[in-house]
Structure formats: C-alpha cells, structure tokens
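Below is one structure. I have some questions about it.
Labels run A, B, C, D and E following the written order; every chain starts at residue 1.
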Amino acid sequence: MKVGRVVGTVVSTINAPVFDGRRLLVCDLLDASGRPEGGYLICVDTVGAGAGEAVLIVDEGNSARQVVGMDPAPIRAIVVGIVDEMRVDGEAVVREG
Amino acid sequence: MKVGRVVGTVVSTINAPVFDGRRLLVCDLLDASGRPEGGYLICVDTVGAGAGEAVLIVDEGNSARQVVGMDPAPIRAIVVGIVDEMRVDGEAVVREG
Amino acid sequence: MKVGRVVGTVVSTINAPVFDGRRLLVCDLLDASGRPEGGYLICVDTVGAGAGEAVLIVDEGNSARQVVGMDPAPIRAIVVGIVDEMRVDGEAVVREG
Amino acid sequence: MKVGRVVGTVVSTINAPVFDGRRLLVCDLLDASGRPEGGYLICVDTVGAGAGEAVLIVDEGNSARQVVGMDPAPIRAIVVGIVDEMRVDGEAVVREG
Amino acid sequence: MKVGRVVGTVVSTINAPVFDGRRLLVCDLLDASGRPEGGYLICVDTVGAGAGEAVLIVDEGNSARQVVGMDPAPIRAIVVGIVDEMRVDGEAVVREG
C-alpha cells in the first residue's frame, strides 16, 4: 500500500455501474518523508476523503472490488482510509487535523 | 487507474477472439499536470475514444476481461471512459470539448 | 499491453510442461516513437515471431495461461501478435513487411 | 519478494475489519547492498516486526489475504518474516541481533 | 519473465509452511546485454540454482504457488529454470557451463 494526498478530481463518463455516484480522486503519491514523489494514481473514493487530505491507497483489483462490494467491476486503485499520522524515524511526516 | 491521451493506434494480427473488431489505442500516460509523463500503454478501446482525447485507463486483467465480457481473454489494459475534466490544485489540467 | 521487438532468445532447462516446445523470446520494449525504451521482457512465443519483428506483449499471468491453454502454469509474459503497424501522431513509427 | 527495513508506522482510520488491531508499517525497500533504495511500501505487520528491523515483504493481494486469513480483504503488502541475514557476494549486507 | 543472476541468499524466520526447507535467493536482474540492471528480487528456489548462475524468474503469485504446489501460500517470485544461454542480436550475452 502507499500513502497519497488528494490533489484533485477526475470527471469522466464511464459506462460501468461501479463508478455511478463515486468520486475519482487524483492522489499524489507521497515518499517516506511525506512529500510528493512525482507519481499519482486515480483512485475511487470510499471514505469521503477531501482535498488536501492524506490517504491510504490500495492499488489492486480484487481489493478494490471487495471494498466497493461489486464484482465484476473494472476498478483497481481505491482510497481505503484517511491517514491520521505517518511517523518515520520518530518524526511525524504526515499529521492531520 | 491512470489518465492517458490517445495518440495513435496499433494494427496487429492476433489469434484471439477478444481482439476481433476492437481497436488497439496507443495512449500516452499523463502526469498530474496533464502533460505526457513519458510512458504509454497499448489499450483496448471500449468507449470509442478518438485521437487526442483524454481517457481513463484501467490496467488490470480481470477488469479488462469484465469490461469486454469475455473470459478467458488475453487482455490487460483498457480504456473505460473519456475524461471530461481533470482538476488538480483547483486548476483544470485536462478539459475536453 | 506493450509493443516490443524480438531481439533474441533464452535457452533454459525448465521443469514445467508449459515450456516444452515453446520458444522464450527476448523482447526489447519500444517507446511510443518505436525505439527501444531500455527495458525488456522474456516472453513465451505463441505466434511464431521471428528476430527483428515487432510484437504485441501481454504481461499478465492469467492472460498467458489462457493463450497457451494450460492452467496451472508458471508463466506471465507472452507475445500475442505480430505488429503490422503502430501509428503515433499520424506517423508510422513501426511498419513491418 | 523484497527486503525492507521498518522505519515508521501509519495510523489510519479504515473501515475494513482486516486492519483492526494490525499495525501498518512504513518499510524502506533495501537494495542488494542492504541500503535504502529510495522507495517504500506500507505493509501490514504479521510478525511483530519492530522499528529498525529488516523484514521480508510480499507485495501481492492473494498472498496478503492468505497470511491474515481473511478473504475478502483490501490488502496487498505484508511483512512475512524478520530477516536474520542477507548475504550478497559472500558478504553479510544485512545481519540482525 | 526476467533473467537474473544468483548473488546471495536471505535467511528469515517465516511462519508459513511454503518456506520450510526452501532457499530464498537474492537475484540481480540482468538487462538485455546480460549485465546487472540495478534491481533485484528475492526468489524462492525451485531448481537448486547455485551462486553465480543465471536463472529465469517468474514474478507472479499464482505461478509461484503452482510451482511449489501449495495454495494458499504467501509467495510471489520464483526461479523456474537455469538459463543455459541468452542470445541477443546474435551474440551470447549469457552462457553457462
């Protein structure tokens, strides 16, 4: 899994029920110091994550289908949780709230 | 998932029914600012995406087989939607139409 | 999926029936301009691809097992087709024959 | 599989039973000389790994679900063991205890 | 699949039967000229590969579980064969024995 930060959204007309009423988030991937590492993933939101929030991402199809409770579904990356704190080498590199 | 842009096509003689009558698109992968990041994927088109259009790509075999409704099928990356807008840090980095 | 070019072969003694009588191809991965991007994959040939030919590669275990018609089988990357033409930005970056 | 080193933890509110009572570890990935290679993974701990310990990581959904004994579960990377020693070219590049 | 070279071993206490009595090999990944490309994988040995030998690696969970004949099992990368020869552009870039 990876830690990311919500930086945007994607609006797309998709002919697959799994996307109905679900937001697609642009999530910058963070490195172990809590800074953007340069990559991103488009993730389906399952927790109501807002802009700027740090999130835990699982990028695997079966995990994603299980979380949304729909199989089959063409989906791979999802946000499974808001990150309250990420500590590395004793320092809080990510801390929310 | 990733956002890409259709930049070309591949014509290939493939002995697998899943490819009959389906176009193979060359999709540049876009970074979070909407510009090509350097990589690409060959994706099966399922939405009638045209040259220059921004698209949402799912790169996972089970997702791809579910969208085309054929299993087994040797297929991994598909275009699942046209991207109408991708907003990052409050700015529309991709906007169609 | 990716487009590659056959540049060599691997001879290996493997104790798995799926490899009996099948060639292992060294395939350079091509970028969107049709040039080697630096990486490669060892792919099981399923179409009789020859040295120098451009090919379509699917790198996913379930796809590979379906094409060879053998499951279980320890196999992941396969050549599924010869690429006749790859067009990018209106130009033929790969054209065979 | 990869060898990593535990450098931190992530605290996240996740609405999925598989994460209840399990720690999420920030694991730097190590290169073949035992030094951090720059990347990391957030892994579910299954062995009680402590800060600074070298660990063996399996980054695959089915493996992860099998180790935690819960399926379905949105989980991909897990720590499956403490690394006692990693020897490369006759030298112990990682040695614990 | 990829070609690698055995450069070391990992000793790890793992509470999963699939690892009992099996060696974990540190395998440098080789590029298409037969030289280390910088990455490596920890692979379960299934062929008795020795230090310095070139090997064929399959990095996929289902393949790995099939080769070891144990499912479920938390395992992803395996050595499936010793590479006798890897020829690229008419030259033997790897040749054993």
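We take it that a contact is a pair of C-beta atoms (placed from the backbone, for glycine too) under 8 Å apart; a residue touches a chain by one contact, two chains touch by 3 or more.
Since we're looking at a predicted model, the values are computed, not measured.
K.L.:
Please give the intersection of the contact partners of subunit C with those of subunit E.
P.N.:
none
K.L.:
If subunit A and subunit D share one sequence, what is the angle of the rotation that overlays their CA atoms, in steps of 5 degrees?
P.N.:
Rotation angle between the two copies comes out at 70 degrees.
K.L.:
Since subunit B and subunit C are copies that touch, is their contact same (over half of the numbers shared) or different (under half)?
P.N.:
different
K.L.:
Indicate the whole-number Å distance between the mean C-alpha point of subunit B and the mean C-alpha point of subunit E.
P.N.:
Distance between chain centres: 33 Å.
K.L.:
In whole angstrom, how far does the Cα centroid of subunit B sit from the Cα centroid of subunit C?
P.N.:
The computed centroid separation for subunit B versus subunit C comes out at 20 Å.
K.L.:
Going by the touch rule set out above, which residues of subunit B reach two or more other chains?
P.N.:
In subunit B, 61-62 touch at least two other chains.
K.L.:
From the touch relation defined up front, give the order of chains around the ring, starting at subunit C and going on to subunit E.
P.N.:
C, E, D, A, B
K.L.:
Which residues of subunit C touch subunit E in their complex?
P.N.:
Residues in contact with subunit E: 7-16, 19, 24, 26, 28, 40-43, 61-62, 72-77.
K.L.:
Give every residue of subunit B touching subunit A within the complex, in rising order.
P.N.:
Result: residues 1-3, 31-32, 46-47, 56, 58-64, 66-67, 78, 80-89, 93 of subunit B touch subunit A.
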